[in-house]
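My questions all concern the structure below.
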């Protein structure tokens, strides 16, 4: 069995898309913490510890009574702060009856929760992805749970040379694997930037069909990874040899460790062209979902392989891994803090 | 991982309904002991250790030759005492060739087996449920295996306030959770009694449709739990403000620990009204099966939650838990003996 | 949990039927070693370690480019020796970039791999089964993975008295279990021979329908087990009281430990009669597959039973087990070497 990557507490993590949190309870597990999410009548997102104080039944399997959560087993009832306000069979509610709550911040259509010491929770520290809900942009999105260490998903996203092999015929072309990258690391800020600029490349179906470009393209991939959770791929496409027209696609991932060996893969594709075209939205949603599921399948397989390694296993890293190795280093430092 | 509740040996446990034991072998596991059950031509129930002495193939996957069990792998053949009387390829049967057998007592249409020191097995100690096979009563019954510690099923049955939340629309109404209970514990005898008398309550569909009462009811729930295995709920229903007509329903559960994290939930509903009415029988069978499956689902979920607790977890107990806590105390004492 | 039988390294094991190894990658695990198998354009079988040197993605989930394996994740490319000849994003291939390869020998339509010290690999040591691809013989074959310790499959095949009980109505008749065996053990060579000669026996459907014999038969079963992997059952059938016509059926098993608790059950039925008759081939393929699946079901069940034994468990061995016990002794000696 492989040891899993250590979790970094005292950090913000994406627990859900804003659209997932509404008038029904949603259960998620972040860094091993079970969380019940819902939205109050006034529209505020709430995140409570997902275990009733009585017998530990999951509140996410319960129902809402207005803004209060009524446990589905014996009816213990909690307000938005996690304070118990009703118990069955008696008038007095024990003073210690309360469940934990998590600081929540809703930014750019993502619901972030803070895991750790709540006094240290500062929403200003949340990295931004303004295109997700910005004027002039259209976004398609989804989430897939993956049965692998979150570190494998970080590796996957930091090194896009895999597009050529795992996602050939969708977003990969030979030039992605062939073109060297440049990497920039801000260890202090916990940010890794990886860029690959292809001057004359085949146009994969993902971009050909969404932009309408025929023929070869200039293609730029500029990754910004804000450890531990937010990953942005700034993708710029124009016809080969031209700077215009320029098609900007922002591809967002949030990488949220769920439990040891499990990670949530939140994904979105935002574009500033054909913004009102439902056919382009439908195509990009299906195409990116296909690509994500190729990653999910590969990572599930890879994790099962690693789980059978009886001893520590060896890797061999090359230039393409510079960004991924920097990300690992930063994640290890955050976990150790 | 949660430690499981300790098993109490030297006790009688329900292994099957009488109707389940017949001319075919039935495999059950009680307190971790695999058992093969069958009935002889003369009608006597037999319980043998469910592992062939040769290579440990389960005898419950074998066939009967008259009153003898013929192992389905190599034909080792056992009589009703577990003595091997035939082996393949040679005339001589080794003297040590025998499998264990378990004391069996068939009482009130339940097949009880004794797990422990067989000299201590006294059928007179088996608690009775005479309504199950009594004159003037009709019974519907079933069994569901649950993937949880048997202690969670004991908790569930000792505190019926959960009827309001988990079984609303079936047997639960607001009054069950609201009405305080009285609890009586006979530590020595290992019996816990919990009563809840509702003078004026909504009539849930379970009773409205089986009794024909329209309007509100007087409803009495009197639990008797004979640790470790037998649970009786004496349910009495009459129209609100009246003592008659009185509808008596006896709800029986047998709680048999199977293996760590697994329990058999034997259930029955007996009534002394509409005893010859197949429609009422069909309704009550379906209705109680639905209720049991709501418990099974909740307990499976709860156990999976507890299994992810990395450290010991805390509970908060209130008045409704008095009976359940007494039951746990008695079970711990029986296990320690 | 049961400890699994120790694996014997420095031995040849069957990894595949020749017909399974072609222009697509095939993944197998032998003695816990993941192996990717394929065939070069010139027809040579190749066995590489099934983990890419970069991030350990399984090469068996990759694709071939001529005789080279291109990893399906990031494109690391290997030649038939396991040497890496291409990596993405750079010209220089690190000198340490290579995966292990396994000695392969293709004999009698079986693909054997050597697990252990490659200098000790001598194809001349591979035991032969010439009927599998021999002139005048027709063979039907298959492979089933079983979720049990390989030792349970060895036990199963060394003691055919189980045919009477587990395979009754297919290949078993009462005489198989009744007739004593003779056993011969060559400890040095690691060969066990078990014979059972029935002079006047019922003819099971397997032989009645394939040979056309009506009435009772003379039936000889002569097992040769070449530890650790190859098992031959020389089956000879003629009408009772006659030596001719004589129907020879060679039943071959290769028993390949895959991982702890998993074994590959390669099987074949070869005959030197009705060699061109597709109906007989189809019947024998279906009939033996049915028999193998009865073994698979029984062994899966048996292993699950053994896995629940909390302490070491006891067996009781009799004459029929002489061959199986000898096989275990030899296997333990080979594993200890």
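For clarity, chains are labelled A, B and C in written order, and residue numbers in each chain start from 1.
In this section, a residue touches a chain if its C-beta (ideal position, glycine included) is under 8 Å from a C-beta of that chain, and two chains touch if they have at least 3 such contacts.
Small disclaimer: the values here were computed from a predicted structure and weren't measured.
**Q** Quick check on chain B against chain C: do more than half of the interface residue numbers occur in both copies, making it same, or fewer, making it different?
**A** different
**Q** Expressed in ° and rounded to a multiple of 5, what is the rotation angle of the C-alpha superposition of chain A on chain C?
**A** The rotation relating chain A to chain C comes to 120 degrees.
**Q** Please tell me the distance, in whole Å, between the geometric centres of chain B and chain C computed from their C-alpha atoms.
**A** 46
**Q** Would you pick out the residues of chain B that each touch at least 2 other chains?
**A** none
**Q** Quick one: which bits of chain A touch chain B in the complex? Just the residue numbers, please.
**A** Residues in contact with chain B: 32, 34, 51, 53-58, 61, 70-75, 87-90, 94, 96-97, 259.
**Q** Within the complex, which stretch of chain C touches chain B?
**A** 155, 159, 161-162, 164-166, 177-181, 298, 301-302, 305-306, 308-310, 313-320
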